[in-house]
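Quick one: this structure, given as C-alpha cells, is what I'll be asking you about.
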Amino acid sequence: MVEPATAIVAAARRASARMADRDTPFIFDDWYVAAFADEVGRTLFARTLLGKKILFYRTEDGTAVAMSDRCAHRSYPLSEGTLEGDTVVCGYHGFRYDAHGDCIEVPAMAKCPRSIGVKRYALVETGNLIWIWMGDAETADLAKLPETAFQTSAEWVCSKGYLHLAGNYVSLHENLLDLTHLSYIHARSFGTPEYARAPFRTEIGDGHFLVHREVIPTLLPPVWADPMGLAGVTTAARIATSEFMSPGFHRVTVSFYDSAVPEAKRQVGTIRTAHLPTPETHSSTHYFIVHGRDFALGDPDATGVMHDRLFQAFEEDVEALGKLEHMLAETAPEDMYEISVATDGPSVAMRRYLFQRARSAEVWAP
Amino acid sequence: MVEPATAIVAAARRASARMADRDTPFIFDDWYVAAFADEVGRTLFARTLLGKKILFYRTEDGTAVAMSDRCAHRSYPLSEGTLEGDTVVCGYHGFRYDAHGDCIEVPAMAKCPRSIGVKRYALVETGNLIWIWMGDAETADLAKLPETAFQTSAEWVCSKGYLHLAGNYVSLHENLLDLTHLSYIHARSFGTPEYARAPFRTEIGDGHFLVHREVIPTLLPPVWADPMGLAGVTTAARIATSEFMSPGFHRVTVSFYDSAVPEAKRQVGTIRTAHLPTPETHSSTHYFIVHGRDFALGDPDATGVMHDRLFQAFEEDVEALGKLEHMLAETAPEDMYEISVATDGPSVAMRRYLFQRARSAEVWAP
Amino acid sequence: MVEPATAIVAAARRASARMADRDTPFIFDDWYVAAFADEVGRTLFARTLLGKKILFYRTEDGTAVAMSDRCAHRSYPLSEGTLEGDTVVCGYHGFRYDAHGDCIEVPAMAKCPRSIGVKRYALVETGNLIWIWMGDAETADLAKLPETAFQTSAEWVCSKGYLHLAGNYVSLHENLLDLTHLSYIHARSFGTPEYARAPFRTEIGDGHFLVHREVIPTLLPPVWADPMGLAGVTTAARIATSEFMSPGFHRVTVSFYDSAVPEAKRQVGTIRTAHLPTPETHSSTHYFIVHGRDFALGDPDATGVMHDRLFQAFEEDVEALGKLEHMLAETAPEDMYEISVATDGPSVAMRRYLFQRARSAEVWAP
C-alpha cells in the first residue's frame, strides 16, 4: 500500500489555504437573487441571506423593498408586525418604518426621534428575479448586475424553480464548474458514461471561469433527445459551456444537433440555465434556477417534461452536496485536505477569486 | 433614505454594553421561585434553575428540601435514584444523602467517608410558592424575600399558572416594565389602541423600577369589564402600575372604575399579578404567575374565565419573546444594537441594575 | 448542614485533572472492534470510529478492508459511491480507489496522478469480530490484539449483540470495573442487594485492572440459577472477576456453584462476557458484546433466554450511562468534581492509565 504521499498532502493544504470554502466570509458587495418576483407582494416576507435576516414587501405602487428584519428598538422581527400602506409597524411596541427603513413613528412618544432606522437594501427587478445588493445600498453598482435577458426574451421558453440546499454555496459553484460529475451523480438522469472523459477547454479570467466540453458523437439523454427529435440518434453532438459569472450567478449553455447532418442543414437546439445560488448561512444556500430553451417553442408539453426531468437532476446535486456538507462539517481540521487535478483548474481559480474578494472586504476577520 | 445615523448606533452600542442581556451572568444571591408548593412532594423532582440541576423533595414531616442533583461520586442524577424516608439513594452505586445533602452511607464501604456531600440550597415556602436562594445557603437573606402576601389573603381570590418561555429572563422583565406593548402583542386580548399613547410616569430607584399609566377614559377589555359590570362603559378608567421588585419578581397592579361616577360613589376593583421569572438557562425561563383580584370574590366562574383569558395573553408574550430570542441568537454581534427611547427609561435602568449586580458577583467571567 | 468540605473538593479536582474523562483525546494506537464479521460484506458500509468516518467492505476474496470514507479529491463520502470488483468508485467525479486506498483512476484524466489516496486502516478478523488498528496501519501491533478465543471454542456457547451508547467510553469502562452498581442499576435484573457489600480484592497493573468479588452464600438471579439448576438454592456462590484489558476490551468472568456441596463434587458453571466499547464520538460509543457460557452446552433454549435477560441488563447500563452523559455535558466546569472512595481504586487507576496514554500520543492538543 502507498499512503497518500506526505508532500502531496502538504502541498494540497497550502493550496486550500488560499481557496474559498465553507468557512470563508461572505462577499457582500455583489448582487444575489433575493427572491422570485412572485414571492414578494403585499404581505411581509422574511428570508435570511448571507446570514442577515431581511424583510421584503411591495409598496402600494408595486415597488419591492428590502430592509433589515430586526427592529432597531428591541430587536423584534418586523416580519411579525403588520404592513400598513407603504409602512411596517413593529408587532412589539408599534415602531413604524417607511419603505426606506426610516422610523417615522413611536407611539409612546409625541414626537418621533430622528435618525432611527434599520438598514435598507438596494433591489433591482429583472424579469422573474429580484436581485439584492448585500453591501451598503449607496454602493450598489448596477454595472455589475448579472445579465439574464434570455428569461424574458421571445426567443426562449423558460421555467423556474427553487431548491433549498443544505450545503455551502462554494461547493455548489464548484459542482457547476466541473461537469465531469454528470457521469456519476446524474448517471440515472442526464449523465452519460463518456461525458466525464470528453475533451474540454477552459478559460480562466478575472472573475469569469469557463469550461467548454464537446461530446461528439454521443447519444442524448431523453430530456433533450425527445423534444429535439434525436431519440436513438447515435451521432448526436452535445456542446456544453459552464461559466461562473459572479458569486450569485452561474450560466450553463448546451447545444445539441446531429453531427451526421452537414453543418449547413443542421438543426441546432440550445438550452440555457441560470444557476443562482444565494448563501443563506455558511452551510445552507437558496438555489434559484431559471431554465430556458430556444427550440420546440410552441410545445407546452415539452416545457413541463423538461422542467420535471431537469429539476430531478438538480435535486440529485442538492442531495449530493448535502452529503458533502455533512462530511466537511464532521471532518477534523487535521484530517482535511483536498487534492486537485488538472480538470479542477477553473474551479480552483474560481475559489481563489472568491477567497481574494472575501479577504479584501472589511468583514474579513481571520 | 436616511441610513440609521452612525453616531446614534455607536451611542446605542455603548449604552447596551452596560445593560444586562441574554449573555449576562446570572445573579445567584437572590430569591427565585423554584416551584409551586404542590409540585414538590414525596417523589424526587428535578428542575434546572440558573443553569444548575437541582433536586427537590419533601421530608416525611413535609419540609421541602433542595440540593444539587449531581451525585458527588460519579455525577449520576440523584433524581434517578430513590427516596427512602428523608434520604436519597443514588441509583448508580447507592450513595445515600440526608436532607442536608450530606452523604451518610456508601454501601461498598464499612464506614462512610466524612465530609462528602452535595450543595444544599435554602428554601422558603410562602403560600403556593417555594422560593430558593441560589447562592450559598448560609448567605440566604430572609430580609430580601419578596412580599407576596396577597396570594393567601382573604381579600383576594387567586389562581396560578406556569409557562415555559424559550427566551431569556431579562427580555421578560423588560417586556413587563414597558406595557406599551399591550396595544400590539395583546391587540386581540387585553390591549387597546390608546394604551400605548396614554400618559405615564416612572420611578427609578435602587433595585425598584416602576411605570404608572392612567388610561382615562377607556373601554375595558372583556376580561375585566365583564366581572366588573363595566361592559360597554366608555368612561372606564384603567390605572396600571408595573414594578420590577427583584430579579425573580415583577408586580403588576391594575385598578378599574367608571370615571363618570363621582369618586365617593365609585366601585374600584383591583387585580394584582405576581410575574415570577426564574432563569432556566440563558435562553429559557420558568415563568411562574400568580394572579389575584379583590372584587367579585364570591363568583367562582369569574376566576376561571379571568384565568383563561389572562393566560391566553401571557402566552402571547411567551410566543413573542420566543421569536425575539430567536432573532437575538441569530444576529451577528456586528449587526446588533438597540436604540432606546424615553419610555425605555425604567427598563434601561433595570437592565443596568441587573448588569451591575451580575458584574459585582464573583461568578462574573468577562 | 455540613457543606462538602472545600479541601476534599479541591483534592478531588486535582485528582480528576489526571484522570481520563469525556474530554480526553482518543487513544488511536490500539485495537478496537470495528464491526461484527457479518456486518461487512460486498456492499459499502460506513461507520464513525474515534471520530473518523471509515468505509468498510470485503474484496472478492472475502478480505475485509477499511479506509477513510472521505474522497481525497473533494471530500465526497466514498460510501455513497459504488463497489466495483475490489475497487470503490467515488459517486461524485468517479475517482477510483483500490483496496489499499490508492487512487488508480481519474476519469477526466488520461493518466491517473500518482500517490493520491486515502488513509487505509489495518484490520484483523477473529471469530465474529473485525478489529481495527486506529493508528497508522504500518504501526499495527498484532501482539496487542486482544485474546477472545473463547468465542470460537467448542467449550463455550456464545451469542453476540450491539448497543449504541449515548455516552463516552470512559464511563462505560468505569461502569464495568465497579460492579457495586449491580445492586442499584440492575436491581430488577441480575443485581442483588448484598452484591454491593460483598468483600472484594483488586489488582492494579500496567494497563490491566481487576476487581474480584466473592458473594457466598447468595441466591442467584434466575438468568443463571435456572440453567444451572440452582433456582431457590440459598447457598449458591457467585465469583465475579471484572478486568480492563485494553481501551477496546473489558472481560467479565463469573462462576457459580452450590457452596453447600463439597468442593470435589461441585458442578461449577462459568460465564464470560467480552465488553467491547469503541468510541464513536466523545459522547457516544459503539458497544459490542460477546457472551459465552461453559455449561448447559446442549440446551439451545438457554442461549436465547440468557441472551435476552443479559441484554436487558446491558440496556439498563446504556440507559443509565446516557443519563450520566447528559449530566456531565450540562454541568458547568466550576460545579464539576468527582469524589472517589476506596472501591474506586481500580477505576481511578484505569482512568489515569487512559489519560497517560492519550497524553503521550501525538494527537494530544491541550
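Letters A, B and C name the chains as they come in the text, with residue numbers starting at 1 for each one.
By definition in this document, a residue touches a chain if its C-beta (ideal position, glycine included) is under 8 Å from a C-beta of that chain, and two chains touch if they have at least 3 such contacts.
Model, not experiment: these values are computed from the prediction.
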item	value
Topology of the chain contact graph, where touching chains are joined (line, ring, star, complete, other)	complete
Same-residue or different-residue interface between subunit A and subunit C, half as cut-off	different
Separation of subunit A from subunit C, taking each centre as the mean of its C-alpha atoms, in whole Å	47
Two or more partner chains touched - positions in subunit B	none
Interface residues, subunit B side, partner subunit A - complex	1-5, 8, 174, 178, 180-181, 183-185, 196-197, 200, 320, 323-324, 326-328, 330-332, 334-344
Contact footprint of subunit C on subunit B as seen in their complex	48, 51-53, 68-70, 72-77, 80-81, 89-94, 100-102, 106-109, 113, 115-120, 136-138, 363
